[in-house]
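Have a look at these structures, which come just after this line.
Shared between the two complexes below is chain A, which has chain B as its partner in the first and chain C in the second.
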Partner chain A sequence: MADEPMSSQTDTICLETRDLWFAYGDNPPALRGISLTIRAGDFVGLVGQNGSGKTTLAKHFNGLLRPTQGQVLLYGQDIRDRPVGELARTVGYVFQNPDHQIFSATTREEIAFGPRNLGLEEAEVQRRTEQAMEHFDLTEYADHQPAVLGFGLRRKVSIAAVYSMRPQILILDEPTAGLDWHCTHDLMERLTALHRQGHTIILITHDMRLIAQYTPRCMVLREGKLLLYDDTRKVFEHCDLLRETHIELPQVCELARELAPIGVRRDALTVPELCDSYADLIARREVTNAGGH
Partner chain B sequence: MSKIIVVEELSYAYPPAIPGHDPVWVLRGVDLEVEEGEFVSIMGPTGVGKTTLCLALNGIVPQSTGGLIKGRVLVDGLDTKREPVPQLAQRVGVVFQDPETQLFNMSVEAEIAFGLECLGVPRDEIKERVSWALAVVGMTGFEDRPPFQLSGGQKQRVAIASILAMMPKILVLDEPTANLDPLGKAEVFSVVRELRHKRGMTIIMVEHESEHIAEFSDRVIVLNEGRVEMADTPDKVFSQVDRMREIGLAVPQVSELADCLNHRFNSQLNFTQFDEALRTLKGQLDGR
Partner chain C sequence: MQVGIDLFVLRKSWLHEIDPRVKLFFVAVSIIILLVFKNIFFMLTALVLLHLLHWSAKIPRDRILFVWKTLMPVAILICVLWVVFYPAGDPLIQIWMVKITLVSLAQGAVLGLRIMTMAFVVFAWLYSTDQPSIVRSLVKLKMPFEWGLILALALRYIPTFQGMYAVISEAQQARALNISEGKGFGRVRTLMPIFVAMVISALRASDQLARALEARAFGAHGVERTYLRDISFRPLDWVFTFAIFATALLLLYLNFRYGFGRQPISLF
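Right after this comes the complex of A and B.
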């Protein structure tokens, strides 16, 4: 049996929304009554078509947007009256475009900005800055101007600059868009490491292969409503519903479904899982054949 | 079959960002030949010069960009270093990653007619070509709509139609789906599929979506470190799973699966497409 993606979630609920509605100005509501809970230590994939409300929902988690109606609770407390700056200590938000975030003359300053802004002592600011650069493999670029680094590196700087504030909850909006295969998986491994350390991570993406491989939980939005929210393996069972929302399942998941009638596990999510299951099946057949003769 | 594109020992450096600095060579000796009617996909890590190579096909590199160039590019027998860009535009049409950079007219019809007006095509023929091009991309009925009100996928389809209307022999698509959401990607790939199967156009597509590359391409070109590292059928290229990963490129998930099973059973499975994988895996079990 293949390893389940490791899940270190506890029973503590860190984020909750209750009947959350939101409209931009006089436009039709972008969120229509979303009620959900996220446990501390969870790693959640947030998917849905463009315009389904993913970013709008995520921006409510750190107070960048405020509900038109309904509530957002952080560790059980309504965040209505809490300023974004204070929420940022607990909830870090990495924007889709790293260039919307980067402004400092050096990578080190960029990453130190957040913790310094929290009013930490200089020694602690430096400790966190160095540690964040190390975690994202940026130490050699410490004195470089971040704005002129390559796209993959700018992306990592933007994440390290949020991570250095040590928010318990980290939200990332399409962090792998525009990254090649190598950078994508490098980044996902680093996020997985943060998850193992106990951070709650919310990942907005279109790439269902990443969800299948890395995030144990998955929520799907459609037209401002929460369509599915469950363990990733269970969410992937609803393939017709996902296809209706133009979410493409990874080839391996489709293949597992097609091969299920001949005995392959139907709910395989990754290449190694499907490979194992197929290999088991062949081994079992060989035993049966040998016994029959 | 005749070679419609011949790239020989092409090296190119953009002018240095700071005058006086050394030029940085993006392309370093690219050799490539494309047959008429062939569908060729180009893959490569970020910054490897994929777009530069596309622009060398229609003469923008080096005619508009300056810089240093060695070697040569022949398109339909014409040297793109010398032949005026407007002449080349009738042979090579380029669709860029971000449709926003390409669309600027007030209606879809005006957008598509624009290139034809510049070429001096007669009015009646313009009308015919506009409706033909819109039909090809599945956008008939959108003639009067302002392009900026369309979805990402629709914008990209209009951008493709505006190039198709000029009836180039060669269509170059430079990461046509990179800025689109899954629905938009599906829309654009269905247009590419249509072009692939119904028309004899030569198509060069720069893409990262390996599963679609496997579906469409006669050949896959892998650019790495300024050169062509691989130029072969999708089967051959995507069976090099480890090498592709080293370069930083994705292969279709079914190719990863074939690789995984081959390691397990010491077998020689090789599939790059879903249907092929399904058939082979079912067949293997039935055969036992």
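Right after this comes the complex of A and C.
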């Protein structure tokens, strides 16, 4: 059932929070009244300064943290009484540090651990494991010890190990931290592929270029409050507000803004977009110039 | 977040200021005295004085209650066992086979009180001395520096490992591991994914730590160590040391020569 392609971005709301407040013990609240909805099939980037509450918010989505006040709803149902292990069926959460979950003697066992915990039949466990390894290009490391693989590979193992449970919603906490440019884009392409298959993906990151290039929706937290949440292009329009919370737009976006007066599209998000727009501009100029003669 | 191991209470008090070696000396001497004396009034006086000590060092009341709460059950148990099994003298009351005498009551109370007084001695030291100072004082007392470092690192890493356990257990729960499953050996099996991931992470951390230490020339040959923060005796520390020494000597002399505090009830 989970194998069938899920339709991308429907109007179904998969996650919702209502006036969510949370404080760690007696500390001042880390989340202050967050209300938001995430549609099934969305690819959302979650950004904000260190300590703004990104991880804290994300941990509410799979029940690792419970609201001090307010509600979290999964497909319209309050998750208050549902244990983390059961929510894991629907919401996968990849931790910031891969070493916090790797423990098996082989990559294959590591990836099979989650599906097994879900009580699936052995054949299904195997099928999902092989498929997850294939998706993340880990098949050649199937019998290696995952703990001694390189960092980039350990990262992929940790994601594959959560993906193999086939959660509809996949949350990743800074999955590209410590990865080089090549590994980062390789990983982002694989996540985009999952998004196309219909998975809802929530990506926590500090890299605004990844947001610009890959995530169509963007959520900005500041001091435990939801500052902005909209289509990435619209969020980027508030560049002054973003700068206030120390988020710099990618240089290409700044450049597009600078070039806007001469007719380049102001809201270009990536280099190809800017180039296209610029090429258009030149082409139009040539037409007018040619017409003028 | 409350971490379990660091007992130190940051306050400004005379007890916090005195040299940690003086406090260590006080602990050692007090324990000897408390073991030698067997008199209930002596113990009660000691207990009152120790509370005054804690109070003058501005130790908060809940820390004092913590000592009581933790050790009272043991103290009471020891007291009761003594009273029941070692009757001496005329019974006050007799319930079936159990004779309760005044002497054994007093002796039991002394044993129970001894636990409490010793605990308050040790906690006065731990509450008023931070870990680095404890380690520094031990090194000053000629414990090899490397041991001191190992002890300091071990203490330093306890909260780190506690945090690591919390995160790893969350990470495995997010993979549908039901950590409340199983009993006895079954439970150990359930927790295996957490333990193994902890060991791997701990090994990685220790490897990094070793490299970091080496990169900073730790253990280089033929280099005499100097210390950034030294501890040194001030005149007041000498006064305290002398006072502790003199008091202990006097008490022991009275005890050996005149039997002061040897009987459970009468003082001499």
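Note that the second predicted complex is superposed on the first by the 286 of 293 C-alpha atoms of A that agree within 3 Å, B and C clash if a C-alpha of one lies under 4 Å from a C-alpha of the other, contacts with A are read in each partner's own complex, and residues count from 1 in each chain.
Everything below uses one rule, namely that a contact is a pair of C-beta atoms (placed from the backbone, for glycine too) under 8 Å apart; a residue touches a chain by one contact, two chains touch by 3 or more.
Because the structure is a prediction, the values reported are computed rather than measured.
Visitor: Which holds for A:107: it touches chain B only (first), chain C only (second), both, or neither?
Guide: neither
Visitor: Is A:254 contacted by the first partner chain B, the second partner chain C, both or neither?
Guide: A:254: touches chain B, not chain C.
Visitor: Looking at A:183 after the superposition, I want to know if it touches chain B, chain C, both of them or none. Which is it: first, second, both, neither?
Guide: In the superposition, A:183 touches chain B alone.
Visitor: Between chain B (first) and chain C (second), which, if any, makes contact with A:17: first, second, both or neither?
Guide: Neither partner.
Visitor: Check the residue A:275 against both partner chains and state whether it touches chain B (first), chain C (second), both, or neither.
Guide: first
Visitor: May I ask you to decide whether A:118 touches chain B, chain C, both, or neither, giving the answer as first, second, both or neither?
Guide: second
Visitor: Does the superposition put A:165 against chain B (first), chain C (second), both, or neither?
Guide: After superposition on chain A, A:165 lies in contact with chain C alone.
Visitor: So chain A touches chain B in one structure and chain C in the other; where do those two contact lists coincide?
Guide: none
Visitor: What residues on chain B touch chain A, complex-wise?
Guide: 45-47, 152, 178, 181-184, 186, 208, 211, 244-245, 247-250, 252-254, 256-257, 260-261, 264-265, 274, 277-278, 281-282, 284-285, 288
Visitor: Contact residues on chain A for chain B in the complex?
Guide: Chain A reaches chain B through residues 49-50, 150-152, 178-183, 206, 209, 246-248, 250-252, 254-255, 258-259, 262, 271-272, 274-275, 278-279, 281-282, 285-286, 289.
Visitor: Name, in rising order, each residue of chain C that touches chain A in their complex.
Guide: By the definition above, chain C touches chain A via 1-2, 164, 167-168, 170-178, 192-194, 196-197, 200-201, 204.
Visitor: What residues on chain A touch chain C, complex-wise?
Guide: It comes out as residues 24-25, 59, 62, 64, 83-86, 88-89, 92-93, 95, 97, 99-104, 113-114, 117-118, 147, 161-162, 165.
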